[in-house]
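Shared between the two complexes below is chain A, which pairs with chain B and chain C, respectively.
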Partner chain A sequence: MNRGNGASAEQAGVSTWCNFLFDFPDHYARSTASTNRFAYTQGVNVLPQQPLSLMKQSNDTTHPDIAIPGPVLKLYASYRPTLLRRAKTLEERLGTSARLYFKFEGANVSGSHKLNTALAQAYYYQKAGVKHLITGTGAGQWGTALAYACQRFGLACTVFMVGISYRQKPQRRTIVELFGGEIHESPSKLTRAGREALNRDPNRIGSLAVATGEAIELAREKKDTARFAVGSGETCVLLHQTVIGNEAVKQCKRSETSQIMSSLAWAPAAILPASACPSCVRGASLGGTSSSWRQSRWRARR
Partner chain B sequence: MERPGAGALAAVIAEVLPRFDAQQPPQASAELYADLLIDSRRFLMIIRGLERRLNVEIDDEDLLGVDLITYGDLVKFVERISAEASVPQNE
Partner chain C sequence: MYTLGSSYLAPPIHAGGLRYASGLFKARALRQADALKAGALFAETEGIIPAPESAYAIAAGLQLAAESKAKSAPCILMNISGHGLFDLSAYEQAQRGELPDDTPDERMIEASLAGTIERNAELAEAHPSNVSA
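This part shows the complex of A and B:
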């Protein structure tokens, strides 16, 4: 089979993200029902802290696919398409006659799938006039990816890394610094959230919640130039990860594979975007092409 | 004569906020968040409505250097967008 490792980005031909909100508009409507909870606060600027383009992506139920901007595609081409590997041992262990495949997303400069969204976010924030991104990271993959992406788009980057990981993985700290980022062991003394956490946690074990809290606090202090960026939990982040699934569909088509189980080495948190995307699962496993399935949905909606 | 941007804005806000009366828009000093209950999600809905009505695409660059605190701020922003949209691209 063609494992995809010898193909160029052009051959993989992925130029869009798969917008799953288009496929699940009812779910979107339910999940965003207004709660009408407003605190009476004056002087609030209603501009979202995220760029408008990312807000649109997180709330778009009308476009089946979203074009990947040229500068992001160009940077994707430095490490994509990623390997599509057959999981023969897993097939044997499961005793299945199906062929199982996984995508390996660890072979890039940041070491994880996080780069797929870090590059996209850095691009959009830079376009929106932001000069500095601030974030929290647990084991460091997201912080590394964001530091690299910020360097590529000329942004400053500050990372708060969970204390125990900061000490256990000094190489992560070094890589963030190599990419020009500033990295702090969290809890830190830089923020009120960090100082309060230090009182409770003198051994500086830390947590992602505290690291994130520190990042948000610093971003609010520097709101004229800086923003808080996040590597998971936002709909647009899932959208950016669908490049994995879209690419898998293309690679499987080339090898005439009709059944897919998508997964990601080193990245269990990102299984959803690769496998839950309709263009991957339904398009391939129903025996049709992803585009024909989505085109039928598109016609039905119009 | 009613300014086209302001008229489109009032109509769009009325779609997003059912109690908003497009015929009697608020004072320019009314605050978007505190007085009109427009949060960032409703702001996005307003942006989409404006894109549809004015047949423009509002991008990140359009919001550079913009502060949207009052209704007057929003009217000025929409008038600028609508004026730019009416200028032929070749000029």
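This part shows the complex of A and C:
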């Protein structure tokens, strides 16, 4: 018996992430061509913050799919597969001839899709020997997700949250603390970056740039145990979020939607994850089934 | 990814996570008020209060549905990235018509970018061997 139009856990279970860099090697080449323009490391002591495993995932154009590590899969299973359902009432209200489906990533403890990558990141950092993760968060979804993920993998967690959101959404602070994390309103007085920002931002609105700067500064100070977790905008994050797209493809195949004509590409926070799976987007736009498109791409690359 | 410089302060919108985009996908610009209106409609019809970020995606989905009305009926999959139960103040402001203006401050963008360009030039001068053509 299906739940809604979705599929049961076994049927929709996904064990790999879809590496979109494999599908867009040209885009990758273009976007990395100028990154060393000001990457002056000479004379500057640069401390690597990310484990090599995540760096590789952000730069891998050779593997079409990446296996999801067992401990991460196990934690995914506590809230995945997520609901995929047709929005019939919405369709009727709009009087549209379009078929509207949605996938809902909010039914986990962090309340958002950010947990998909937070769990993966915490796993890789812990595996690399890191004891404490420090990060910046905007509206707080990332911070709450990382706090939970850190607790699962036995890591300490410190979060700098953009001031305006910190005050708008105090419950987020409570959740971070509930999971044993430490959370600060940014700009804070704890760091030089924060103190400087306070001077030019007397209303303490804050920004993700400053919150991130504060997190990096603290991570550098605590370099023996702590590292900076970049958050939800890194390339490897897109990889982790393809669990949504992969799962959706499986679920769609089982339901009447054998073809997805349109996936919405928005900023990463909201919609990119669902469309992040190239098999989902490109396969459909080329009119073929997603997997056959990817297979032909794969053969072409060999 | 591009930057507007670290001194730029984005308008204090409720979708705090929606402040960057990369070049692989086509982006659409939407007003916060329209997004939250779509979010409220989704909540009313489907029983899930979407996060403000997700509300932007829903609003875009509704736009796509409306635009393609004349053509063959498309099938659209929207990703509801999170719930909006911690964002009720956004919906409250929207219902009351009290959302602050979400128009970016052009002058602040200019000033912030100028600062970034200036800083880059300083760095390029200090470390000439690391500047590629």
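In this text, the second predicted complex is superposed on the first by the 248 of 302 C-alpha atoms of A that agree within 3 Å, B and C clash if a C-alpha of one lies under 4 Å from a C-alpha of the other, contacts with A are read in each partner's own complex, and residues count from 1 in each chain.
Here is the rule we go by: a residue touches a chain if its C-beta (ideal position, glycine included) is under 8 Å from a C-beta of that chain, and two chains touch if they have at least 3 such contacts.
Keep in mind the model is a prediction, meaning the values are calculated, not measured.
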Touching partner for A:L208 - first (chain B), second (chain C), both, neither: second
Which of chain B and chain C A:T225 touches, first, second, both or neither: neither
Touching partner for A:S78 - first (chain B), second (chain C), both, neither: neither
Touching partner for A:G140 - first (chain B), second (chain C), both, neither: second
First (chain B), second (chain C), both or neither touched by A:A107: second
Of chain B and chain C, the chain that contacts the larger number of chain A residues: C
Which superposed partner A:M55 touches (first chain B, second chain C, both, neither): first
Residues of chain A at both interfaces, chain B in one complex, chain C in the other: 34, 36, 38, 40-43
Chain A-facing residues of chain C, complex: 1, 3, 6-10, 12, 14-28, 41-42, 45-46, 48, 50-54, 56-58, 60-62, 64-66, 68-69, 73-83, 85-87, 89-90, 120, 123-124, 126-127, 129-132
Residues of chain A defined as touching chain C within the complex: 20, 24, 27, 31, 34, 36-43, 84-85, 87, 89-90, 92-94, 96-107, 111-114, 138-142, 162, 164-165, 168-169, 171-172, 200-201, 205, 207-210, 213, 232-233, 244, 248, 252, 257, 259-275
Partner chain A, residues of chain B touching it in the complex: 31-34, 37-44, 47-48, 58-69
Of chain A, residues touching chain B in the complex: 32, 34, 36, 38, 40-49, 51-53, 55-56, 59, 124, 127-129
